[in-house]
Amino acid sequence: MTAPALRTTGLHKSFGSLVVAQDVAISLPQGARYALIGPNGAGKTTLINLITGALRPDSGEILLGEEAITALEPDSRVKRGLARTFQINTLFPDLSPLEAVTLAVCERLGVANVWWRRLVGFRDAVDEAYDILASLNIGAVCYRATRELAYGQQRLLEIALALATKPKVLLLDEPAAGVPRQQGGELFEAIANLSSDITVLFIEHDMEVVFRFASRVIVMVGGRLLVEGTSSEIAADQRVREVYLGRSRHG
Amino acid sequence: MLRAMTLCLGFLALLAGPTSGQAQQTIKIGVILPFSGQFADTGVQLDDGIKLYMQQHGDMVAGKKIEVIRKDVGGIAPEVAKRLAQELVVRDNVDILAGFALTPNALAAAEVSAQAKKFMVVMNAATSIITTKSPYLARTSVTVPQIDEAFGNWVAKSGVKTVYTLVSDYGPGLDAEASFQRAFEAAGGKVVGSVRVPVANPDFSAFVQRAKDANPEGIFIFVPGGTQPAAIGKALASRGITPKDTKIFGQGEITSEDALKSMGDDAVGIVTAFHYDYNHNSPMNREFVAAYNKAFGRNPDIYSIGGYDGMRLIYAALEKTGGKADGQDLIDAAKGMTWESPRGPMSIDPETRDVVQTVYIRRAEKVGEHVANVEFDKVENVKDPVKSRMPK
Amino acid sequence: MAGVADPHQYLAAKQRWAPIEVAFWLAMLLPFVLVPTYLPLASQIAITAIFAVSLDLILGYAGLVSLGHAAYFGLGAYTAGLIAKAGWGEPFSGLLIGGAAAGLFGHLTGYIVVRVRHLALIMITLGIGLLLYEVANRASWLTGGNDGLQGVAMWPLFGSFDFDLYGYTAYAYSLAVLFAVVLAARRLVHSPFGLSLRAIRENERRMPAIGAPSRARLRTIYTIAATIAGIGGALLAQTTQFVSLGALSFERSAELIVILVIGGTGRLYGGVVGAIVYMVARDRLSGMNPQYWYFWIGLMLIGVVLFLPNGILGGLATLLPRRSRAS
Amino acid sequence: MIAPAVGVLFDGFAYGMLLFLLSVGLSVTLGMMNFVNLAHGSFAMVGAYVAVSLMGLGWPFFATLPCAFLVAGVISVGFERTLFRRVYRASDLQQVLLTIGLAFISVAAAAWFYGTMQQPVRLPVYLRTYATFMGINFSIYRLFLIAVALAVTGLLVGALDYTRFGAQVRAAVDNQRMAQGLGVDVDTVFAITFALGSGLAGLGGALAIEIVGLDPNFTFTYLIYVLIVVAVGGLGSIRGSLLAAILLGVSDAAGKYYVPTLGAFLIYLVMVSLLLWRPSGLFGRR
């Protein structure tokens, strides 16, 4: 447990005169549970997009374990163990959850470009997909079309798809967004129960959830890192109070 | 399941359709033409020529009843033409294939004629080689080299030293370019430049300007009938090329009736060569034009005359064989046949089975209110020159 | 399937042969006995069906709308035609070479095509088609230009079956190739690769996040579809022994979309059913009314949109029990 | 050798203007409702046949133009209300199928009522002459065409930018749902826009006869060019359509003049490269 699981140095990104990330350096140790918080527009989702490759940084570097992945395509980063979920459901409406997760497993196994063998022939992949879905309590609905699933179930499917890639580092963009509080708690229990091999960074607005599930918290404001620390340090930090906690929670 | 099968069977029944019993006393003619799409007007005019001939001469020949089955090929679609020809032969049991406005379609169908030994009459398609594709095939329209070699020679003889050629970039256009240039240069003229215009994109102005830049004595133009003749006429005028200072020559399409109507006075002086125009001055033609107008409310054009003479050939051949519709008998009867058509004297070359006719040289002139093609010279008994040069 | 089966049974059920599929293929043999004089039409329907299945793979499954698919069809046709003209008239190898040539061109153009979406995609495929058309028109020394390619002489199929006037050989040959193409396509859409195509159609943005290189996938299917289109074109060249510019035309691409949408997209058999319905309707209507048949075709298209919004197969799927859905 | 080139480019410019009139309506309706209307050319054809029929009755050319505009607009809104609105929520392909079906019917109808022949048009003499300037001939008719197109553009842009209706249209093009939420009656706004766009196509059709002729196939003749203008210009953008139409008209003419061997290729090459560079068109947002 020496090298951090994920590290960025000096990430910088701007659109014209609008700077969305400025000198962002974070470091997530193996197996950590980090929360990323900050007011709206602080650049949290942008940071995830930069790390996963959906956006290209203007400068800076991203390391996954020992390896620099800054120049890699998003799908290659996923193959190396960096997975994410989306704040707004980004699923396959007409596929069943079983099909979707099986596909993700096949992608990981490198067999998703096989067109001359039937899907049913890949029994291990199907079993693995079903197990993931069952472990997230959506095994019972996994034969329906995704569009027919309840919203909370779709949020779980987001996570299931990410897990199917067997990530080393998992970036969750407001996994409980739009889910009633009660269910949100269950969802985070599921996240907390993930294997400790997986390093997790999640964006969340609900401070109770943050303080309960995160070992450390990173605060962003205006595209910069403001402060990083344990839950209690953050809760006590004056600057954080000023820029963040002082305002309405979902403002 | 059962329902699906019933559906399938019902569908096949529909496909089978009504199959009319083959009466011994009927001669069936399968007519393949473009009745829809971009060449629809060609198909309609040609078919009207066929209809008029049958109106005037009845549907009984040598004791047999003539029945025409029409098929729409929809445009340049040789595979459809070939299929229709096949189906006409095997399903409808036609004795004669006829029509064919477009060269690729005629070429594809000719294979069926050769294979099935059926008499085939090409009533418009004008590429030279068509008649070589089946020994049972005759043509009553025209070939492009027939017109343009005669014309190239005539233009050179008329004293014009230099021309620029502007043709559409497709089969007939290239044929026209080659034939005209060949004959014009053989007779001592000089081609100072040439340009080929895409068939699909009809703003001619830039091409016309190129021709003007070369400063020739005359310009030779070939474009397909339809919307393009009028467009090129207007482009010539707008780029300042008028027959007063640059002679404009072309195959007859560019001064077709509707082209002249929309060009108006701009067209006056354009010299063209063609085998037929509704203004051709003969009693027979005046009668033909009157009858055509009465039946269809418009003037006949080269397509109409192709269809009309095509039916004339079929009727005459059937008379000669006494109603026998065998391909070999009919083509033997057609070979060498000579008759007077509204277009003038014409015959079927016994060697090549192609049309032999007069090529008229016309000038667009003001006649009363309108501008019309006035014939002022002619080249008689013109054969298709390409086949005369072919090794036998 | 009332209760929740285990995942293997669920997936296996999705790709099992339905009785209606078997019945369908048996029915395709009926023209030999029921309407033997319609075999030339039947073989052209089979060829169009091959072409439509190939479009369905990119349009129905992967969601790429192409208005220039005739480019690959025509390229296959010209390649097969030119080989035969050059003296090698063996049909089967000609078919494969025609498909390979189209596939190669599809692979190369695929690099451009997968970069764009929506209207730009439609227009760029259209542009590629029109450019190839003009190239063929220009290269008349090779292609015969507007007159079409002459002198395509085929040897008998497997050395013993001549391409006859009645079209027995042509239909048997076309039907066999159609069957093989549908079998292959069927295998493909039920493979992991086929699943990834449907996923791209459903949500391309998600694909990189599950580690899928979607552009590479699209290039692969584009190449495969082009190959199949080329095989269809080669078949047309061989059975009619003629190739014309029409094989490459915009009209052919546009008509193909109409055929596929009538039949139903993303359903494997949609293209086949569409080809049968459209071409039979066209043949019947233009036989009855050579000059105005397309009026009725127009009415038919509007009727399909208003009353069968998912195409004929989509309509049947709601009528018949759910087994009939191919995917 | 400047003079001939100027004349050619002028003609190309005028041709571009014609393409603009024919396509601007499609661009706006496509941008606003995402409605793929391949029958757009049919409305242009309606306008053209209206003009020809009225001239046949002895009407002067100029009087037929507003009628072409009106009749095409009114007929189109009839179809919009009864037929098209049923498929706004359907997929693009369904819309393509429906409108192609309608285009087929319109071609058949034109052939039935007017026959398959070319419809000749006789313009008043003063439009058929040429103005000569610095030794270059300028067709009066093409000057007139340019004037009409520029006037239409001015009116459209002005109306869009400065009227309440224009603001509603812009809002609807930008984001239909949000406009609805803000109380814009998107339905009515769209119907009016649709009528306007088709009316302009009708006007374009009437003006096109002199340059390209008229037969029942008119509907399809210009389909490809209109689509190119719409795609290159960018959906929903009037300025984009104008620029694209000019670009295509002029580059086409220039290409034909300077490199005639490239002839038909050039316009497609220009389109493909522009779209690879800017997939949503010159002025496109999406």
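Going in written order, the chains are labelled A, B, C and D, and every chain counts its residues from 1.
FYI, a residue touches a chain if its C-beta (ideal position, glycine included) is under 8 Å from a C-beta of that chain, and two chains touch if they have at least 3 such contacts.
These figures come from a predicted structure and were not determined experimentally.
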Determine the set of chains touching chain B that also touch chain C.
D
Chain of greatest Cα-centre distance to chain A:
B
CA centroid of chain C to CA centroid of chain D, Å
33
Centroid spacing, where centroids are CA-atom means, of chain B and chain D in whole angstrom:
35
What whole-Å value do you get for the distance between chain A and chain B if each is reduced to the mean of its CA atoms?
72
Rounded to the nearest whole Å, what is the centre-to-centre distance of chain A and chain D, using the mean of the C-alpha atoms as each centre?
49
Junction residues of chain A - those touching two or more other chains
none
Among the residues of chain B, pick out those that touch two or more other chains and give their numbers.
36, 40, 44, 169, 198
Of all the residues in chain D, which ones touch at least 2 other chains?
107, 111, 263-264
Answer with line, ring, star, complete or other to describe the graph linking chains that touch.
other
Just spell out which pairs of chains touch, all of them.
A-C, B-C, B-D, C-D
Of all residues in chain C, which touch chain B in the complex?
19-20, 23-24, 27, 30-31, 34-35, 37-38, 40-41, 44, 134, 137-138, 140, 145-148, 150, 165-167, 236, 240-242, 244-247, 251, 276, 280, 284, 286-287, 290-291, 293-294, 316, 320
Given the complex, residues on chain B that touch chain D span 36-38, 40-41, 43-44, 169, 195-198, 200-203, 205-207, 209-210, 212-213, 226-228, 230-231, 234-235, 237-240, 258-259, 261-262, 264, 266, 298
Going by the contact rule set out above, which residues of chain C touch chain A in the complex?
4-8, 10-12, 15, 187-188, 190-196, 198-199, 202-203, 205-214, 216-217, 220, 224
Per the touch rule above, chain D residues touching chain C in the complex are 30, 83, 86-87, 90, 92-98, 100-105, 107-109, 111-112, 224, 227-228, 230-232, 235, 263-265, 268-269, 271-272, 275-276, 279-281, 286
Of all residues in chain D, which touch chain B in the complex?
1, 4-5, 7-8, 11-12, 15, 107, 111, 115-122, 128, 130, 137, 139, 142, 210-217, 221, 252-257, 260, 263-264, 267
